[in-house]
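Look at the two complexes coming up: subunit A is in both, with subunit B in one and subunit C in the other.
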Partner chain A sequence: MSRTAVSGSAMSEAVALDPGRLRGRPVRDAWRSFATAARLGWQMEANWTDPLLFFIYSVAKPVAAALILVVMIEVIGGSAGRGLRAFVVVGSALWSFVVSGMAGLAWSVLDDRERYRMLKYVYVSPSAFGIVLLGRGMARLAIGAMGAAITLAVGVAFLGVPLDLARVDWPLLAVAMPLGLVAIVALGAMLAAVCLQTRQESWSYPEAAAGALFLVVGAVFPLHVLPAMAQAAGLLTPLTWWLEGVRQALVPGSASAIGGDGSLWAELSGHATPGGIEITAALLATSALVTLVAATVFRLSERRAKDRGLIDRTSGS
Partner chain B sequence: MTEAGPTPPAVETRGLERIYRIKPRPVTALAGVDVRVEPGEFFGLLGPNGAGKTTLIKILTTLLLPTSGSARVFGFDVVSETKQIRRIMNMVAGGEQSGYGILTTREQLWMFSQFYGLGTREGWRRVDELVELVGLTEQREQRVSTLSTGQRQKLNVARGLLNDPWILFLDEPTLGLDVGAARAVRELMTAWRAAVPGRTILLTTHYMAEADELCERIAIVDRGRILAIGTPAELKRRVQRESIFRLEVDRLAAGARALAPLPGVVSAVPASEADTGREAAGRGTVAITLVLRDDAALGGVVGALGELGARIVALRKSEPTLEDVFVELVGRGFEDEAEGDGARPPMPGAEPAAPGPSHTTHPHEPGEPSDEPLAT
Partner chain C sequence: MNALVHRQTAGPREAARWNRGRILANNLRSVAGRAYPRIAGLAREPSWVFFEILLPFLTTSSFVFVYRALAAPPEYVGFVVLGGAMSAFWINVIWMMAAQLYWERDQGNLELYFAAPMDLMSVLFGMAIGGLVMSSTRGAVVLVIATLLYGVTFSVAQWALLLAVFVLTLAALYGLGMVLASLFLMWGREAWHLTQLLQEPVYFVSGLNFPVGRLGFLGAMAIATLPLAVGLDAMRQLAFAGSAVTLGTPTPEVEALILVAMTIVFLVAARFALRTLERLARREGRLVTRWR
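Showing the complex of A and B:
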């Protein structure tokens, strides 16, 4: 800082402001904010006083959910239901990842506003608010991925899921995973936008939203059992295509959640099940749409929260 | 702001309004605020709870949008140029238990250093420097959740200084702190600003002694309006022409209100706790700040107290305080505003009632002549 006189100032001589500080370094600053927020998120998620709790929450919960579904199928369908085992286990494993990813961003808003009361300080820092939330959400996404991987491993080892690494459709998996990730994060951003507006502790919102989506995305049962309207809603959801893509990539030739006799897909497309290219194209289109909507919703929510004074308003205030 | 041009005001608001659309009816928090703070100033916003101080800080720190009017920080608009403002300012609020409890003192500060755009190495260097500056060296590896209220506020102050802001917004920074911690925070702020000319501080407080001690200029705010701006001395001169007495009486059921309509009485309001009110409450008496047109009016007041059956416990004449200025401007004291909220706590770290040169009478019954002269 250099010295200069400030006319009309209460001080006869003041330090001039350094204009260089106003510019910032957008990419570097964004990366730094993201990485720091991710590190903070991980420290919070990994801050288990009891490792048993961590295990139950991140591993045992998704494994148990998959096992419950498998047992249900066994009881209801008997040996006829065995063909659906891989379908259910893979869908259930991936769904735990979806729930973690969607909840991550929303819970970061609630954590920082309600529990730590730091949201206002984070918000008025030069870091982009969305980037910080994204970083914070990464930890939960990582834990979700870990739970999904362990559930899959349990499925392969004990439940007869026919996962053969030599048969995995790696190109489809490589395309579907990042696109799905974008869609999950976008849905999480929408939920974060909703939580930004609420004055009550809306911790259950992400799971409620995920529960509603669970019905229409073909996670553990095929869409064709649903009414046409629900099937249509499912086909417009990127998660449906992502689950289908990952399922077909991991276990090629497994039952399709989208197609099948009497499905809306078959009716509209004229063929029984979607192929890899169709899945990728639909996933790309729906993910792009959801991301666009999420960005708009988040921006509007942020603006509204700032207008209503909600950024630092806790449920107790 | 241009690089070559003159430095714009640190803060400039014009016709700033903020209305909260809440039920059952909208609340006007700011009703056309015009204020200008120059670079390098220690500027105070003094007013009771609900005056609009925090709302103004929130707007200036880009946390809240104004309803109408304009606000600029170093020439940058608070609505459209938030990025620039956030790079050059910081804020510290008091009276809250904020902090990532799971992180250590150093970790929390380092995390914010990254959010403020400091490099990794520079961040750690700055963190260690500030940890030492605010006196948290012993707690540097301690989790935030285990820090005391005062230590957390020191941590908050350190966070506020991390990015070496051009302007620091302090919103009731000593609220809820004990005497030592409050004094430490005030000393820190004073020393930080004095270290580099040009550093600007905007402080909101409802502790009059704090504003008087720290601020070069003060704006007195009430109900969303700025009632007066000036140096503490200038503000006090506004009420210098009147005679101010601190009166402590016993058996005055109607309180200060009973004296207000008497001839020659400009105002009669309960004295603030910081100023004698607390001691009076402890004795079960009523402490009153009495502003008279001149000393001659005192005889009438003493006579009236006798007629009301009250007994004068203490009487002293004093120099005006900022509260007297507030009373003069608004017609009521800070305590009146706090009614229903519980009494306003005294300023932490303040010396017991020291309202300037005074003369105190011995307790005597109303109407009984005092042996000591009252005029100064």
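Showing the complex of A and C:
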């Protein structure tokens, strides 16, 4: 067969290929990368044991975290402190989303770089790196959701959380929940950007960062007990508004973490507690800001990692 | 004469015959060698100061504010501060001791450890000493800054016993870490997930932020089995002498004895478990099996 014939045959095969695959279909390709990464992430998180043990593992952490706070209230307040239980249990249940969501993306970087040493291959694959990380992070977010649901169920069944489905503010919940999840994923992307630059021991960094945010977002105590500067930091954090929105949606009329006597919010706004529209607007603004910052930080970190050869680095101590 | 100086021998059999001094010197070098990367690594990447000292301090502060919101008596703030300081050691034990041999296997170092002419316990001691430097720094910073910032007043009547209890708690904690490290050697990803599971549930049953005696039977079980629970309770009794809120648990002297027993049991168990599991792992070919 002559060279011309070979190249002609190759040409005809190339023509037979789907040209869309060569050009790429951004949305479809991104979705495929995301779905595959999410499925892989779920397999990695869930297939190490049988379903029962996996379930126990998934709920033990958030339930124990909520019980620590419940016992603290019980020790001090006794029956008088029981009014705070719903506040604490709902905040603590929702916090499991934050811990899982922030850790998911960061741990994907560490998992793939330090343990499985696949990050360099993932990086050079045609899939967008950020999309793959988002997909991997979704699995942990799903585990966080499971933990949150079970903690709430335990709260309703055993700890007296007054959750009444007929009274739930569904529109507020429908708006606040996805906006909050976007903010959590954005914070996770920032942590992933940090972990791209750091060594193997960064496993605990997402939890440490989440723990620090725990102080200023009013998850388990109202912000007005904090100094004004810390309250201001809390008001600029989307998680504060997300927690407030979801808490007010699930248990309408429950104590506000943001407002109250002596709070910075009351001082600035002139009224005691924020309403649904104020919560939604603040959540939207702060989430958009955090997402923009996260995208910039991630891009800068990615560029620096590529420049300094950090993507295939492994470390230990 | 230096025990590690190379000597001419008549043959390999004689070369393999080491005297006690040489064995001891070799294992001490192994301890120092394993501790070195952990200590040197602290200076090479300073980001840990922010993520492992400052941020955990803020987490501890959260629980201080929970008590402030509840208008709790001041000693409860002290309990949280002490718990926050001790949690640094627990985190270090589970992440950098218990799961470490599992990491080493994934990184390909484990087979080198087994091939090297040293006792694997030396590696574990080295990891413990290296890890202690980081966790002691974190614990001390949390204790000092939180004490100053939140105005915690300690009332210590028996300093010597308090120091002894602290040292015994560390010994028992790191002994437990060695046992877990041996167990984790047999496992794959279960080890990673178990590490996760050993945080909040253990904080809860150990009474990290409240007196463990309030948990009743569960608290008693924790005092009998978990060094963090018994050590923390003894230290609280000694650091806040005369406080009525720590009543309902054994005296610090009894708890010190429990810690002595735990230390001995954990160290012996670690040695036994390491040998047994090393044999099992060799038989089942798990020493070099990665990424399970």
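Going forward, the second predicted complex is superposed on the first by the 285 of 317 C-alpha atoms of A that agree within 3 Å, B and C clash if a C-alpha of one lies under 4 Å from a C-alpha of the other, contacts with A are read in each partner's own complex, and residues count from 1 in each chain.
The definition used in the following text is that contacts are C-beta pairs under 8 Å (C-beta built on N, C-alpha and C of every residue); 3 or more make two chains touch, one makes a residue touch a chain.
What you are looking at is a predicted structure, and each value in this text was computed from that prediction instead of being measured.
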Subunit B versus subunit C as contact partner of A:57, first or second or both or neither: second
First (subunit B), second (subunit C), both or neither touched by A:93: neither
Contacts of A:198 with subunit B and subunit C, given as first, second, both or neither: second
Subunit B versus subunit C as contact partner of A:69, first or second or both or neither: second
Which of subunit B and subunit C A:209 touches, first, second, both or neither: second
Contacts of A:116 with subunit B and subunit C, given as first, second, both or neither: both
Residues of subunit A at both interfaces, subunit B in one complex, subunit C in the other: 44, 116
Residue numbers on subunit B that touch subunit A, as the complex places them: 1, 3, 6-7, 20-21, 38-41, 58, 61-65, 74, 83-84, 86-89, 91, 93, 96-103, 107, 111-112, 114-117, 159, 163, 166, 196-199, 216-217
Subunit A contact footprint on subunit C (complex, rising order): 37-38, 41, 45, 47-48, 51-52, 54-56, 58-59, 61-63, 65-72, 76, 91, 95-96, 103-104, 106-107, 109, 130, 188-190, 193, 196-197, 199-201, 203-204, 208-211, 214-215, 291
Subunit C-touching residues of subunit A, taken from the complex the two chains share: 44, 48-49, 57, 60-62, 64-65, 67-69, 71-77, 81, 84, 114-116, 194, 197-205, 208-209, 211-212, 214-215, 220-222, 225-226, 314, 316-317
Touching residues (chain side subunit A, partner subunit B) in the complex: 1, 3-4, 6-11, 13-17, 19, 21-22, 24-25, 29, 32-33, 35-37, 39-40, 43-44, 47, 116-118, 120-127, 132, 303, 306-309, 311-312
